[in-house]
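Each of the next two complexes has chain A plus one more chain, namely chain B in the first and chain C in the second.
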Partner chain A sequence: MSRAEVGPPHGVRLMTFPILVENVLQSLMAGLLVGAIYGLMCVGLALIFGIMRVINFAQGDFMMLGMYVAYFFFAALGVQPLFGSIFGPYVAAFLAAPVLFGVGYFAHQFLISRVSGTRTAQLDGEGHYAQLILTLGIALILQNASQMIFGSMVVSVRTPLSSTAWIIGPLWGDFIEIFVNKARAIAAIVSLLVIAGLALVIGGTRLGKALRASADDPTAATYIGIDVNFAHRIAFALGISITALAGGLLAPNYPFHPFVGLEYVIIMYAGVVLGGLGSIIGAFWGGMTIGIVQQMSALVLPTQLQNSAIFVFFLLIVLLRPQGLFGRVTERT
Partner chain B sequence: MKLGRRQFLASAGATALTASLSAPTAWAQAAKEVEVGLLVPLSGLYARFGTSCRQGAEMAVERINKEGGIKSLGGAKMKLVVVDAGDTAEKAKSAAQRMVADYPNMVGVSGAYLSTLTLAVSEVTERAKLPMLTLSYSDLITDRGFKYIFQTSATAASQAKQAMPVVLKVARSAGGDPKTVAIITDNTAASVASVKPMREGLLAEVGLKIVVDETFTPPLADATPLVQKVRSARPDLLFFLPTVISDAKLVLEKMNEFGMGQGRVPTMAFGIAMFEPDMLQTMSPDLLQGMIGSIGSWGGKGHEGIASELKAKYKEPWVDQNVISTYGDFIVMRDALEKSGKADRESLANSLHTLDGGPSKYYPGGAIKFDEKGRRVDAGLAIIQWQSGTPVTIYPESLAVGKPIWSKK
Partner chain C sequence: MLEIAGISAGYSSVPVLRDVSITVAEGQFVSVVGPNGAGKSTLFRTISGILKPSAGAIRFEGNDLLALPASRRAHLGIAHVPEGRHVFPSLTVMENLELGAFTEAGRQNWKTNIDRILGLFPVLSERRRQFAGTLSGGEQQMLAIGRGLASSPKLLMLDEPSMGLAPTIADFIFDQLTEIRRQTRLTILLVEQRVAEALQTADHGYVLEAGRVVLEGDNQTLRANDRIRAAYLGM
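And now, the complex of A and B:
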């Protein structure tokens, strides 16, 4: 029996201590679930911006592409009839990731590589000015082309999981129940598994070592036989596909349109910088922190200041710990 | 005669030159066209709504031209210029500035959609003395003493006042007796204007007590903090004022998740976001069943022809406020141009101020007549309700195609 059926009469519930505790725990849960997805998005950008130092303002728009690819796999390419509305959304999200890996690979080969990697290592600003302009251009093209192709109708991957919850409780007599949204909870678990897998690949495999070496010192990496441009291409494509996977996991809960990337790209950059440049795990915690601050700030501040609270917190971290939560002291934000 | 390559190129160039020199004559003939504009968001967060406005405008202009154009101007055809307002007040204002600079012959414009955008755009159109018709709700739009702005919908405050007795009547006739209400609103201009009279005594007058009053900035990332507050207060009724479809989905799904969905806390929305066909692309129709909406205008009885044309042309399942109001704007512009017999901004504005077009056909209630502020006289509203996967007009009776249902807790 849910608490809605057993609680006191309508409109007479006062803000008692158990209710306050429930509000705090519910907001914390929402923050953790939202934060896990933010964390995965940030990890994708961390590979590109935090490690390879390539500025990519189109990251949100590649995520939008990932959402649409997942949507089409689910709704039009047979995933829903085959796997149903419970497993289908996650299968579609995992199918979107390799597609966007390919998109990222070719985008790097034909565009990004012209303004990054060994070509620009010796230049003033390491090609960042050109990267900024190029990726902004890519973002505009992706947004407008998507609107032409997909239209302006808002869509999402429809599953009953997005409007149902597992309930923890009742605790403290009948007073406290914590709702855990099923779609967000599954997305959070998948995010954690993907990040753990990525950390293993980056930390313990030959590919990971090549990526790290190429990021740390492209010239020295070339001397020891690493194909730096290829390593950059793989890192870029991997970063895009991970963010696209995050988009696919978000698609059941969050309706999207061709301009949805703009809503997330700032959060991604804030998360990467907050976590500390150069750290994959740091980027995850950066995203997680943003989710928790965003959701819990509504407990003490007007809800309309949720996003302002993120950036006040961000400025505080930059002020008190310029290298970010997990960054090295030498790398200031 | 055989032409060499150079002679061929020379003669082709001469032909092109002659054609371009003779173009002014052709242009002068084409000047029989009357240029009218549509300035609505076609990119960003509100692109979907602007697209609906565009559909209404295109259908109306096509109909006007098919019926022989503007007869008092010698059958001049209407030429529609569509401009993207973007999704912020700053973008909308600069789009309006570009529009008035690029189209000096434009005689009138419709659009802006969101009150926040309309407030910015009308600053520019007023200075350019360009008459603008809008469906936006904010009272401020026509409270600034502007002479070239015409508001076809009832203002937000007027809608709130008109809607309240109707909603309570519907609730009581179905056995409900709401005493407490929660308000969740975004902070766009129309929503703020709708909520203002509610907070300032309108709800108290009808015996409703506000137990939650939350304002958010769209788009939401997650609706948990908002809906948790509703859950803690247990209101009899929720007034929800979103302008973005994603916010509507997030709040309604969260209501269901927290055991308050599907009518357990009857929900009434102000504005269009919860009634777009997109809602069916994003969530189950079961979660929408019974949701009531108060809207400036909606397709209903008498709009069947427009509905079937819209379905055939754009594959849209129903005629929403944006389609029908924008359609109406261009018909009103045509009637005003017919009356003035002159294709200039000042004449159109004067004609709109003195127009008496009889009972309104494309907007609910009242007449096609504007008061000194530019508000449509006796403008009413439409109340619609999700019933079996379709928003059905339930009020006013002149438009209604269905009977109201009240969800039982």
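And now, the complex of A and C:
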């Protein structure tokens, strides 16, 4: 902004056009990169909330746990010495995912299954009230236990990639250069690959079809021989581990602490609802949209208002398109 | 093949079935008829394992069904086409049929079965990529039956396949059931409100009223029974 050459009247600061374009493109790039990771995060929740219709308030806290697990794999359990600081963070994130799969599996077996799946038919509101209270409790336990164990200091996974960038340009003569943070770019690409893989599994495999059938009609799924409670358990564990992977991918760029889950769980629910419940790819686009809105709003709003921008946008969409931006209308009988 | 002995079952507050015994022999077509609320669907849910009976025993080909979780019963060869169809609405027609073949037997005989199913219900072939939730009622019923057949069942249980359908569609579905029987000698247990049709095609029939079997017999016996004639056949 300081490079503004023409002094506009009334003291309004104005950018020259190329700089404006550069700023917009820079924000768009930042939005695309963080949006891809948000997308992955949302896909994890979409499996649980969008498809299985289980309300999980602890999703952000399981993600926080995934970030710490990745952090400890990286810093304490030999991943950094073995794989170095460049590949290490990604190896750590991919190691955290199966650990959190296990955590999700047992959390479902011992807690969530009591208020979801085939049991919910007899409960008020399909068990949603019970799920709300139970997962809120899990969230509080995870937050406070993490604080006791890990302390409340902010930590991050340190890699040189998070402070270096590729530069696109100069474009348009010499005017425009866009910086692409390496760590964010790699995290975004990994996210896209994981989502593509997951979409293939959910869309095309026996497991994926069984999961969708269990979500659509648990009773009929039982009639055709699907163990619906087990299918729900797999979906829950998979959803937790996918979100945890997204957490591990965020860890190099976004320092975290035991209470970081709340910030992300809100983004996740907004993304899943935006994308249209029940759709994996929709959830990805929902997360992507939120990343872009968040980063673009930084052009015109102070940082503290970025999340408000997300919710103003979210409210607008919910008002105008209740089935979500990318949702389709199929009746659920 | 299926022996139901002295079953009592119901929902948390309401007992529905009382001491119901029904036998289906291999290759037989057995119909269960009775008024609304008699407990016909409850009987089917008990066989499928969604409901646990409070007394009695169910054996299928010598296996004690009650010792098995509901989701294992399809794998033994029992296909339940439920009342109200219950297709998977957000899955395509083809995916619904593929999921029917979730059983080992279904996977092994997929090629033969899918040809037969699409032969019986050609409309499913036209709509294979359509979401099942967007099908008409009649098409959904055909899909539900197709999904049941795709599992390569030994016993096909049909709960009111004509419910809510126009008479011509219902007739078509009955014709195709007869055709399946002709092709495969598949054992069928049918619950039906259309008593005349149900008894006409059946080898054996049961009349269920207020949770009890009040009458049973072969086709001739039942159709000759005065009560049946008056109450169900309007003669």
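We adopt the following convention: the second predicted complex is superposed on the first by the 309 of 333 C-alpha atoms of A that agree within 3 Å, B and C clash if a C-alpha of one lies under 4 Å from a C-alpha of the other, contacts with A are read in each partner's own complex, and residues count from 1 in each chain.
Throughout what follows, a contact is a pair of C-beta atoms (placed from the backbone, for glycine too) under 8 Å apart; a residue touches a chain by one contact, two chains touch by 3 or more.
Nothing here was measured: the structure is a model prediction, and the numbers come from that model.
A.B. asks: Decide which partner touches more residues of chain A, taking chain B and chain C as the two options.
C.D. replies: Counted on chain A, the partner with more touching residues turns out to be B.
A.B. asks: With both complexes superposed on chain A, which partner does A:Asn23 reach: first (chain B), second (chain C), both or neither?
C.D. replies: In the superposition, A:Asn23 touches chain B alone.
A.B. asks: Looking at A:Gly278, would you say it contacts chain B, chain C, both, or neither? Reply first, second, both or neither.
C.D. replies: A:Gly278 contacts chain C only, not chain B.
A.B. asks: For A:Ala213, is the partner it touches chain B (first), chain C (second), both, or none of the two (neither)?
C.D. replies: second
A.B. asks: Mind working out whether A:Gln109 is in touch with chain B, chain C, both or neither, as first, second, both or neither?
C.D. replies: neither
A.B. asks: Does chain B (first) or chain C (second) touch A:Asp227, or do both, or does neither?
C.D. replies: The second partner, chain C, only.
A.B. asks: So which positions on chain A get touched by both chain B and chain C?
C.D. replies: Common to the two interfaces on chain A: nothing.
A.B. asks: Quick check: in the complex, which residue numbers of chain A touch chain B?
C.D. replies: 2-5, 7-13, 15, 19, 22-23, 26-27, 29-30, 33-34, 143-144, 147, 151-156, 158, 160, 162-165, 179, 181, 184, 253-259, 262-263, 291, 294-295, 298-299, 302-307
A.B. asks: What part of chain A is in contact with chain C in the complex they form?
C.D. replies: 122, 206, 209-210, 212-213, 216-217, 219-228, 278, 330-333
A.B. asks: Can you list the residues on chain C that touch chain A in the complex?
C.D. replies: 12, 48-50, 69-75, 79-80, 82, 84, 86-91, 95, 98-100, 102-103, 131, 133-134, 147, 151
A.B. asks: Considering the complex alone, what residue numbers of chain B touch chain A?
C.D. replies: 42-45, 47-48, 50-51, 87, 179-180, 187, 209, 211, 214-217, 219, 221-222, 224-226, 228-229, 231-236, 245-246, 249-250, 252-254, 256-261, 264, 276-278, 281-284, 287
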